[in-house]
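Both of the next two complexes hold chain A, though its partner changes from chain B to chain C.
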Partner chain A sequence: MSLLPLDLIGSILIGWGGLGLLGLVVPARWGRCLLFPLITGLSALMAGAGLWALQGGAQTLVLPMGLPGMPFHLRLDVLSAFFLTLLGLAGSGISAYATGYFRHMAETRAGDFQRLILLYALFLASMGTVLVADDAYFFMVAWEGMALSSYFLVTTDHEIPAIRDAGFLYLLMAHLGAIALLLCFGLLQSGAGGDYAFATLRHHSLTGFWSSMTFLLALIGFGAKAGLLPLHSWLPEAHPAAPSPVSALMSGIMLKMALYGLLRVLFDLLGQPLWWWGALLVGLGSLTALFGVLFAAVQSDIKRLLAWSSVENMGLILSGLGLTLLFHGAGQETVAALALAAVLYHALNHAFFKGLLFLGAGSVLHATAERNMAKLGGLIRVMPWVAGLSLIGILSLAGLPPFNGFISEWLLLQAYLLRPDLPQPWLNMVLPLGAAVLALVGALAGFAMVKFYGIIFLGQTRGLVLGEVHDIGLWERFGMGWMALGCVLLGLFPSSVILQLDTVTHVLVGQGLGASAARHGWLWVTPVAASRASYSPLILFAVIVVSVGLTFLGVRRFFHGRWRRAPAWDCGYPFQTARMQDSADGFGQPIKQIFESFFGLSREIPSPFDPHPHYHSEVRDPLWGLCYLPLVRGVDRLVKMVGVLQQGRISIYLLFSFTTLLALLALVTGTLP
Partner chain B sequence: MTLINGLLQGGQEILGILLAPLLMGWVGIWRAWLQNRQAPPLIQPYRQLFKLFHKEVVLAETASPLLRVTPYLLFGCMGLTASLIPMVITDLPLAGAVDVIALVGLLSLARVFLALAAMDVGTAFGSLGARREMLVSFLAEPALLMVFFTVASLNASTSLRFMVTGFAARGFYLYPSLAFAGVAFLMVLLAENGRIPVDNPETHLELTMIHEAMILEYSGRHLALIEWANALKLLIYFSLGFALFLPFGLTDSLQGWGILRALILFLLKLTVMGAGLAVLETVSAKQRLFRVPEYLGTAFLLAVLAILLHYLLGS
Partner chain C sequence: MSHWNPAPFAQQLLDLFASLLLLIAFAMLSQRRILTLIHLFAWQGLILTLSIADSAWLTHQPHLYYSAVLTLIIKVLILPLLLHRLIRRLDVVWDVETLINIPTTMLVGIGLVVFSFNLALPISHFSSTILRNTLGIALASVLLSFMMMITRRKAVPQVIGFLALENGLFLAATSATYGMPMVVELGVALDVLVGMFIFGIFFFQIRETFDSLDIRHMEKLKEE
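So, the complex of A and B:
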């Protein structure tokens, strides 16, 4: 019997689980030096297996375990294979980084670290299992395993009350989502007869109202995981609370599981989409993106800024998904394939650049023990590795050519601009607004990233002693370098990536871009036709290098190269201090001022005569007041009403039972003749 | 053919680089005339560049390598952008690699580096300038993209070459959407080049300056490169405007006279529009910084209206 990709992937999943269990047994030092590199190796293997599976057809396997009569089904198709590749590629960089990052923890808190290995490995394994599960039951088991293992990872530092709160909120939202998913699968199965295997659901199609209900439940369930508005509130709390490699896993990979789930349900299990599903997704996604980037621009906590930016990116991805649904529903498969390729590409890109930036933030946090950007600054001089690699990350996130964030946004813009011909004329007119939002979000992401990098790494330090700060070790360099390399390569060779994505788009929407996108060779991307749009990042990169190089050589050839150092110019005011630089709050202040009505803003500005001036400014999520608090109050009221029934006296309870019994008897005798 | 086109593209880049300070000088002369001042000679910007190139570079003690790389990167990016825009001929071999969206990305790359380098030294003015520049750009950049999208939707292409030749193929029509887009483009041009309603290129007043605040720490050849790149940026925006809204005269063929005619027309357009810019700047007043978002928001809305109008009326 020859080895098949599914066997390999199954063994890797079991391997992850086994390594995690081993972590509980072996000493912490061994766990870090041996088990984490092994987890890294398995991740790299997973990437290879995923790429391998991307070339072939679907494979299924029924495990001899599960509930009686409901064995676990596994299935590996190209959609799973793509996300498994993403998991493996990003997971290996993050795990390599984690090997070095947890050095301190393994030495000082050995017990906690042993548990962390188990949870970390289980987290990876459950994400992989979500991707290969082929029945609703197994899917939910894996999905819950993912939620629980990440919950315990988030609360690693549970002695801090804020982290406990964040973890609780996360757990709550994860379970709200899980309930919606359970109902969604229930609806999908209703009336089909037989079991909950996806194969059964696939052949059973819903129509009309129930199909829309299923869509909405899937949107709530997976949207809660993806941070879709208004279910996003847990994301900026929980992602920053976790240890940084875990934040990278959650933002980079776990959010994509929600995308996978939506793709699986919408394109594979549920039948023909209705037009308003796509329109709703485009609208909600665009809103989420705008909302996320605005909040990212005003944060002053490094990891929270990145978490809000994840909300933004998931918004972009989901708006692209909506676009795919719209065009797919209208039978325009070329544009649908273009939008879907952009979505998948951006998912991959986001895993890399957000992973990279979270790892960079983790290094800063680890070296300085400071999350507040207002206290950082000037780290480029003491942490050149982190600063250099993070620079690639921020350029990618800001969507600048020739890095990877640009190419997926470019594809998405092309999908928006390709003359839409939908049956709903008003949608044709409104769609360009989506492109406008996308352009605005891209520019605001640039603002947020200049702030992020400029305040943390550039300028002078705002209170830290830089001499005590150290750069990262070899493992961390390798992990971050891997992620940065991914950002560069994904940006420079888009047509090769699109060719890989092609199999997925073929399966989901029946069309691919490969034939047209790579028609002019691997150097060029031409999504539809060369006269429509073309882009070649490698050529662009080469001419940028040549043109910058020529400038340098020209200046050196004709003029001298003398330079000397002097104090920075003080503008005639000799008492310049580092505190006169912009703080993170100051840099975001224009955004606060322009969008003041949009934020729930509270500010305390001291008077000029105040001997002890204290400046305080807080940005709150307005949706807390609009959605969450009313909900909490409603639940509270309901609970109080139930409380009326509970008097705590046995005779009252007996009375309840008695009346219930009487009512039931009356009902039974009334209906039975 | 490709070789000749490649040479022409290189020639166009050199033409742009050499012409840019002249355009600055020309606008400066007109501003002086309109303000009843004695005008500097036309070649004054070249003299300044020459002087700066010969001066020694003084780096701040806290400057990192980023500050030293940025001038070259900025100039390289601007020079490259200038070579990608159809100023004289439309059939440029490299133009296929970079469409308008990537072009905006390239300008944005240069700007992000300039803003980062401004924050590098760690003085109050540097970060203030960087913050203001990013404030201007986060509204100006989407407005510029929407202008491009309007023209791109008209010609069913985001490649500059086909956007320009698309107009030529269809002859002369008046498009209402283009009128909106043109106004929006003009507003963005003023904002992105630090011109008067938004920024004043001649002032170092800390309450208002944007671009000048970012480049306070540069000296010698670094400053020269940045000033030159800035002049080049103005030329780039002018030629983009010509290519999108006044594309007559641009040639696709390599017949000698066509190129010469296109070149003369290009210079003529620059002459007229350079003077026009000076007039526009003289008659308008510098706005408060927090009026700038309103101004740019208007530009963005106009550009969005343009594209909506295009879809409403059909092409």
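So, the complex of A and C:
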């Protein structure tokens, strides 16, 4: 009997669970030095297994577990394989980093750390299980396992009330999403007969109203996890609350599980899409992206900035998914494949650069115990490793070539601009607007990243004693280096990546991009035709390196020795302090002014005669007041009405059940012949 | 008549027992003294026992004899004895105050009996058992016991009401389906016993906390 990818993947999942359980037993120091590297190794193995499975066909397995008559089904196809690869690749970098990151916690809070190992391993294992589950029941079990383990990871520092609140909000949204998913699977199965296995659902197609309802429920359920617009509120709260490697896992990998779920339901289980589904997704996704990036640009908390940027990136991904759905519904499979490839590529890229940045933010946070940008600055001098590796991350996130963020956004832009003839003429006219939003989002993301990097790493420190700040250790360097290497390689060899993505797009929309994209050799990427657009990152990279090198050499050669040191013109100020630098708030000020209508802005501007001026400004999410608070008030009112029933007298309570009994009996009598 | 057919007589006897049960239910509803209430409860248990034994004889269902013996032991002997000891230990032999006055309670009770007979009528048509006439009475005694729990202010009469309700349910089960499976009956009997013990413990706890068994004191436990 030969080993198959699914067996390997199943063993890895069990291995993760086993290592987690082991973490409860062995001492914390051993857990950190031994178990986390083992988890890392298993993640790397998972990446390999995923890549292996990406080459083959579907493979199924029925486990002898589960409810009576409802065994657990496993299935590995190329879609699962792609996301398993993502999980393994990003997971191994993050776990390696975590080995070093949790050193302090393992020494001071051994008990908490032992629980953390278990939850961390379970989190990874449940995400992997979500990807291979092949019936609705098992899927929901894994999905909830993922939500619960991440909830407990988010509330690792549960002594802090703000973190408990963030955790509660996260749990609430996760449950709302899970209810929507439960109903969605119920609708998918309705009338199919038999069990809830995906194989049954696949052959059973819904039509008309119920099909649209299923789509909407899936959108709510997975959208709540992905941070789609009105359901995004947990994301900027929960990500900063979690320990940084966990934030990296959640943002880099867990959000992609929502994408996987949407792809699975929309392209695999549900039948032919209606045209407005795609349009809705494109609209909501673009809005989410714009909203997220605007809020990212005005944050001054480093992790909150990254969390809002995750909202933005998920928005881009989902808008691309909407585009895929739109083209797929209209039968334009080539363009659909292009958009889908862009979506998958961006998902992979986001896992790498956002993971990298969260790890970088974690290092800063760990070294300085400060997450407010207003207090940071000048860290490049004491944390050169973090600064250097984060630079790769921010360049990728800002979408600059030759790094990986550029290539996927560029592909998405191509998909927008290609504009085949859709049956709805007005959509043809509106879609370029999406491209404009994409461009705006890209520019604002660049702005946010300049702010992130400039304020934290450049300039002078704003109140920290830099001498006490240390750079990261070996494990952290390895973890961040792994993620940065991923950003670079994914950016430099796009045609190889697209060839791998081809197997997925072939299965989902029946078309591939590889044939045309790699037509001009592995050096060039031409998504549609050479006459339209082509891109060669390696040549671009070489040009950048050569021109920078030549300039450097030229300056050294011709100007060396001819400069002199003199005091700079001080603008009339005899002295300068670090507080005169541009601050995080100050840098975001233009955005705050221009997009004021987007923000719930409250500002206190001191009077000009105040001897101790104090400037305070707060940016609130307006959707919180528009969507959530009315809901909370409504529920509150309803609960108060129920509270009237609570009289405290047993006789009254007995009377309630008595009258209910009588009413029901009377009802039964009425139905009898 | 060459040989005497016992069926019509047993049938008449069964109806007699059922109506006695209903009568006792009414008596309990109107009774203000706790000691008498316990005696009435014991009588009701005895009537129930006889009624079950009678049905067993009538329908040749041997397992009904077991449940008759079970009822006799638990409901006629053990529970009244326990209740007796309980009220002596708690020293609560006072008269029972009711929330609604007795005549009104009785009038409502009559309404309940009419309702349950009306309810049982269509069901009796379906039922193939010989005991179908008693279903209405069983339902009525369930509702009357429930009513008693509602109208009493002290904890002990409420518990007696609960136990009497269980009697009515037993009768309903016997009359509709020739009794429940033995396992279920044993389970229910055990439940009643355990419930009785728990109630007893609660009584002491309640009295310790509030210095009284009047459940009005528990009204302030609700959330403001």
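Just so we're on the same page, the second predicted complex is superposed on the first by the 659 of 673 C-alpha atoms of A that agree within 3 Å, B and C clash if a C-alpha of one lies under 4 Å from a C-alpha of the other, contacts with A are read in each partner's own complex, and residues count from 1 in each chain.
Operating definition for what follows: a residue touches a chain if its C-beta (ideal position, glycine included) is under 8 Å from a C-beta of that chain, and two chains touch if they have at least 3 such contacts.
Just so it is clear, the model here is predicted, and its values are computed rather than measured.
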{"item": "Touching partner for A:F559 - first (chain B), second (chain C), both, neither", "value": "first"}
{"item": "Touched partner set for A:F358, first chain B, second chain C, both or neither", "value": "neither"}
{"item": "Touched partner set for A:A398, first chain B, second chain C, both or neither", "value": "first"}
{"item": "First, second, both or neither for A:Y453, with chain B first and chain C second", "value": "first"}
{"item": "Touched partner set for A:L665, first chain B, second chain C, both or neither", "value": "second"}
{"item": "Partner chain(s) touched by A:A578 [first = chain B, second = chain C, both, neither]", "value": "first"}
{"item": "Contacts of A:F123 with chain B and chain C, given as first, second, both or neither", "value": "neither"}
{"item": "Chain A residues touched by each partner, larger count belonging to chain B or chain C", "value": "B"}
{"item": "Touching partner for A:L440 - first (chain B), second (chain C), both, neither", "value": "first"}
{"item": "Shared chain A surface residues [contacts with chain B and with chain C]", "value": "none"}
{"item": "Complex contact set, residues of chain A against chain C", "value": "643, 646-651, 654-655, 658, 661-662, 665-666, 668-669, 672-673"}
{"item": "Residue numbers on chain C that touch chain A, as the complex places them", "value": "99, 115-116, 118-119, 122-123, 143, 146-147, 149-151, 153, 158, 215-216, 218-223"}
{"item": "Residues of chain B defined as touching chain A within the complex", "value": "53-54, 56-64, 66, 72-73, 75-77, 79-80, 94, 96-99, 101-102, 105-106, 108-109, 112, 115-116, 119-128, 130-132, 134-135, 137-139, 141-142, 145-146, 149, 152-153, 156-159, 162, 206, 216-217, 220-221, 225, 290, 293, 300, 304, 307-308, 311-312"}
{"item": "Sites on chain A touched by chain B in the complex", "value": "377-378, 380-381, 395, 398-401, 406, 410, 413-414, 417, 419, 428-429, 432-433, 435-436, 439-440, 442-444, 446-447, 449-451, 453-455, 458-460, 524, 530-536, 539-540, 543-544, 547-552, 555, 558-560, 562-571, 576, 578, 580-582, 586-587, 589-591, 593-594"}
